[in-house]
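All chains are identified by letter, namely A, B, C and D, in their written order; residue positions are counted from 1 within each chain.
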Amino acid sequence: MARIGVFICHCGENISATVDCPKVSEVAAKFPGVAYSVDYKYMCSDPGQSLVVNAIKEHKLTGIVVSACSPRMHEPTFRRACAEAGLNPYLCEMANIREHCSWVHEKGDRTDQKAIDVVRMMVEKVKRNNALMSIKVPVTKTALVIGGGVAGIQAALDIANAGHKVVMVEREPSIGGHMSQLSETFPTLDCSQCILTPRMVEVAQNPNITLYTYAEVESVEGFVGNFNVKIRKKAKSIDETLCNGCGMCTTKCPQKKIPNEFELGMGNRPAIYVPFPQAVPNVPVIDRLNCTYYKNGKCKICEKFCQPKAIRFDQEDEIIEVAVGAISICTGFDVKKTDFFPEYGYGKHKDIIDGLQFERMASASGPTLGAIRRPSDGAEPKKIVFVACAGSRDPAKGIEYCSKICCMYTAKHAILYKHKVHDGTAYIFYMDIRAAGKNYDEFTRRAIEEDNAQYIRGRVSSIYERDGKLIVIGTDTLMNHETVEIEADMVVLATAGVANQGAEELAQKLHVSYDQHRFFSEAHPKLKPVETNTAGIYLAGACQSPKDIPESVAAASGVAGKISCLFSSSELTREPLIAFVDRIAAPDYSSCTGCFLCQPVCPYNAIEKEDIKDRAGNLIKSLAYINPGLCQGCGTCVAICKSKSIDIDGYTNQQMYSEVDALLNS
Amino acid sequence: MEIINKILDKSSLTVLVEKLNASGKEVYAPVNKKGITEFEKVANLQEMDFDCIATKQSAKSLVFPKVEKLMNFEKTFDDVIVKNVDITAFPEVIAFGTRPCDAAGFIPLDAIFTTDNVDEIFKARMDKLTIISISCKKADDFCFCTSVNGGPGNTSGSDILLTEMSPNEYYAEIITEKGKSILDANAALFKDSAVVDKTPLVAKIEQQFTEEVINEKLKTLFESDIWDTQAMRCVGCGACAFVCPACGCFDIQDETKGKDGVRHRCWDSCGFKLFTLHTSGHNPREKQAQRWRQRIYHKFSYQPEQQKQFGCVGCGRCSRACPSDMNIAEHLTQIAKG
Amino acid sequence: MEEIKKIARELLAENKVQVVLGFEKGTANKVRPAFFTKAEDIDKLIYNEACIHNIALYLKKDTCQHAKGVAITATPNVVRSILQLSAENQITEEKIHIIGITHEGKCAGILDFKAAEEFSKTQPKGLKPEDKALIEKIQAMSLEERFDYWVEAFSPCIKCYACRASCPMCYCGKCNVETNNPQWIPVASHKYGNVEWHMMRAMHLAGRCINCGECNRSCPVDIPLNILSYMLSDFVLDEFDSEAGLNSVFTSALSAYTVVDKENFIK
Amino acid sequence: MSEFQPKIVAFVCNWCTYAGADLTGTSRIKYSPNVRIVRFPCTGRIDYMLLTKAFASGADGIIVSGCHPNDCHYTSGNFYARRRWIVFKKLCDFMGIDTRRIVFSWVSAAEGSKWADIVNTTNEEIIKLGPYDSYHKLSTQDILE
């Protein structure tokens, strides 16, 4: 038999000036199951809380209703009071008679009646509350960082420096990502590799970081604090423990004409290679698709020249299992290639390149050693056209968004060009100059004012070749929409930044959501920008949306902060207000029919399949199981379940039904 | 009481129904509404559907409605005030144009509600019910009354049985005191008659088995797999039980609105899984075959044993209503022959 | 017909299936669902235009659950039910051999689920002109008339649950109407209990009903409850471009959304 | 007092509309006391059967309110809810249940004045429609006589 205590707060005069508190208390005392009812000036004050604590003890209350302000304000206060009195804190409910009553209605009978109704409703609810225990989830204090670009590096270093273990997985043979391909960085023009390389080395040397390059995430199971990750370490055909990075193999390899991915096809590499000289780790891999031995069964020249005998032609992919407590996705982005643009010749003109290719060209370690040269004939371009928003902000191309970094790097390209080709002219076609950021606008002004970049506000409708020149046809919207025709030597397209290849597949492995452009989705666009909807999985860098270096680094440090918080305790305590599937005796085991119509509605992928098997291991039934580590308690599955097999603590069917019943059937 | 034999012509019959109505009695008769014939309250004989072999539902709802209020209650702070249904306020009801099988159905139904413990509400309704049946001229493939000790001109259960002699003339057998009181009140409408042989006037229904044989066979069939094979196509609905004149199972349900509430008696069926489901999740009749077996055993073994009364009158309603053509007569024949 | 029998016989003879689900002669002119476990019994297997029961229902019953392989003579409605049951994880493809029968009564051979999907798309739906006419008639009524119409239409309901029991999509072990604590739907078959029950059922079938009309056929008191789900199926198709019974993998209009769903009724 | 005061039940989500109604309070914006608020974690949790239950229990009007699209605390609960409402509303219309009495709205935690507005306009609309007698009668005739 329920023994409910009702505590009506005056809140000074905030409530009592409008609501007749003694009357409400008096009426509430007559509700079935109410054992004690009282009104008091300030329930949340120390004496008020003592009143609650003493009443619980003295009247052996089985639940309390504090009728006062919004539960969003003082629910934790009174739950604590319950706990202090030895009553389960979840046997406390608040009836909101301040924000939802005294402050919004005039004094009078109808307002009193509303207060009474609200109290009755909560009395009926609290009678049906379950005593709940906080959920404790153990935490494995190791983080998985997927992607070794600047965001991954930053996240890994910050987490490792906070004293936690990190496992980093990088798909390419070296970490570094796109930043390692860049020449100089805006708005300071410092050398990208100069600032990145030390950090790459730091990653390799940090004892808390285990680095797997040329590796990919195979599968992820589990939930926050307890993920089991399988990593596929692709065969490098090298014994990494023996390789000393002497480079003899790469020099001797007879295959030399393989387009170099790092140089975006503008240079060549051998079949056994390190992507770039500063690679971390400095261990080559054999590109089996192009290696003579793998193609013809003969060669093995590298093996002959390898002094430490590190070449392993029979090496196989290795699956490594790691247990981690948190995952940071830092898989970065990609850029559209020039072949995406029919109006610019589908990539068939050699002298139309994309921004990333220009970066390599401008880089002192690039294929031209930093000289700006036409790919077609090696001549120095005297007129160069930069096309901003190539593909971005173009719904017709399916990319409605702004790629964000292009305005700045195009300005940088114009400056770099001018520094290298003093007598050259750079034209920039743009839609708007988006230079919001510290020293960013100053930087674009510098390009215009000091380096004489010719900004033309308008888009380029077509580019074609004529007598070895590229004819760029555009409009100048600031000059009466006049057609502009430039006879250029070279064109650089600031192509749209897009989600990285394989992003969708990875999202599915991790059970995190992604948007229509395959960028990973954050849990909340404003308040949870680095979290995903799956607890324990975070996002940093351009895998979320196009970002520049400082933003990526900031997000990465944000993720590291989040993960460090998560790792600050060996157990994770969670509110027990979560959904659960009913269980009954055999032969039904549950009223759940296993239709799994609830599965897609869960924003957290918390609904799993639980197989009920007999002793011989035969499947009897598959049921839905809600992982308490993942459920956040929205209750959408509860309303979708036809057989009412799912319920949610704190808002159970019984509680909600009784509330409605009590409210209306007085 | 000894049966009194009378003759009623059609016009007198019409007058009788009007007079019964005029005397404050509620007259129920088969009425065809949108293609389905059911017992409905009638004011005169024109509304009645004479052609119907059997109404879709039986006449049992006259004494055992699908939902029946047993009592009202009111919760107070620390007590419950109960207000019983006023059984004296029940109306006098005439079931008119019932078939002999319908009338016979009230006997096992009455046995269910009055053996050991008398259900006052049921009894009050039964006491105020008078049954004026009409013998069957026609039968269909589902009729099997002759196999369960009934017949198209059988008098058991009826207070008055009418048999059509010609389109304008009915042979009336006054069987009970209740029947006689109607005769007495309307004596002018009835003409005297000798005993009439009804055999040529009623339908021919072949006997397929006897209840006694079934009863005997069931003694050894409990663990037989015949129930599995028979129940294979059963979908597990309650249509058979709900249209059955002799099924009396019910469920008690309280419904409340605030402090006021009502206790209802609602039809229930042993064909439902929920009928025997325990709170724990255990179900003693887990499979549909077990529920089907229960249906047959209850009617042909338990009821004769406990109430000296078979629980089936051979109206065939269950088989007509069955969505998957479970044919009880066919199944019983199989048992009898097996 | 002979082709159907031949396939069924072979499947049983080769022990690819242990049960063939089909029809046999029933009482008088009726037909009835039947389970054939021996090749020699297949002579009794029939198919004609009276075989309209949606026997996909039995795939969820013990006899079929316990068999390793089940063959089923499947009219378009049955095929749609099978696909929807598969989409809702109730049956698996390995076990089920669909012997397809077109709406014209021709044998379409054995269909795997992929073929069944194609088959389903080409077969007309079971909506009868009189159902459409009734929907239109009700839609033309005033609000009060509609309410009275349904209260009256449901009033003969005796809650025998034949509609539920004959519906292949009503496979819940414990129906919502059977949940108490709280008692969402009154058990009693009074007017209110009936309205709530049929409303709940229509809601639960929204986007899942394959429009076989079995609920109406099996109703002993002839309530036109199939048109509730028909109306909703049409609506769901118009509104969300989603149709039950065409796909063997997960589809359910109400377990999905698009950001551009109708919004004009929300203040 | 003799004039008709409707009973209005509001089913709201915790994160947007409940907080919005709190803001109405802190902003001291007045609205009709005929509304009673029932708090849910998310609009996705709101079972349509509670709506019919509310009518059956004597409500004359219902407000269902949650986060604006894309603002859901749980990202998508309101989208599933919206789809369910679309279907439920259609079914109600077809069955002659008065959907003018069910007001769906999005009220964010910042829209205190919108909440007051929603309540007041709903209240006025329901006063115009009068008590929901037909449904109340249906649901009570077998309990109360």
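Definition applied: a residue touches a chain if its C-beta (ideal position, glycine included) is under 8 Å from a C-beta of that chain, and two chains touch if they have at least 3 such contacts.
Values in this document were obtained by computation on a predicted structure and should not be read as measured data.
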- Message: Under the document's definition of touching, what chains do chain C and chain D have as common neighbours?
- Response: A, B
- Which two chains does the highest number of contacting C-beta pairs join? A-D
- Query: Using CA atom averages as chain centres, what separation in Å is found between chain B and chain C?
  - Reply: 32
- Note on the structure: Separation of the C-alpha centres, chain A versus chain C, in whole Å, is 43
- Whole-angstrom distance, CA centroid of chain A to CA centroid of chain D, is 35
- Query: Between chain A and chain B, what's the gap in Å when you average each chain's C-alpha atoms?
  - Reply: 69
- Message: Two-or-more-chain contact residues of chain C, please, as numbers and ranges.
- Response: 173-174, 184, 188, 190, 193, 254-256
- Message: Touching at least two other chains at once: which residues of chain D meet that condition?
- Response: 48, 53, 57, 70, 76, 80, 84, 139-140, 142
- Query: Among the residues of chain B, which ones contact at least 2 other chains?
  - Reply: 67, 255-257, 264
- Query: Any idea which chain C residues touch chain B in the complex?
  - Reply: 26-28, 30-35, 53, 57-58, 61-63, 156, 158-162, 164-166, 173-174, 178, 183, 186-190, 193, 214, 217-218, 220-222
- Query: Which part of chain D faces chain A closely enough to touch in the complex?
  - Reply: 1, 5, 7, 9, 14, 18-19, 21-22, 24-26, 28-34, 36-42, 44-48, 50, 53-54, 57-59, 70, 73-77, 80-81, 84, 116
- What part of chain C is in contact with chain A in the complex they form? 88-90, 171-176, 179, 181-182, 184, 204, 250, 252, 254-256
- In the complex with chain C, residue positions of chain D that touch it: 48-49, 52-53, 56, 69-70, 76, 79-80, 82-91, 93-98, 103-106, 118, 134, 138-142
- Residue ranges of chain A in contact with chain D within the complex: 70-73, 96, 98-101, 103-106, 108-111, 113-114, 117-118, 121, 513, 521, 523-525, 533, 577, 601, 603-604, 632-636, 638-640, 648, 650-651, 653, 656-657, 659-661, 663-665
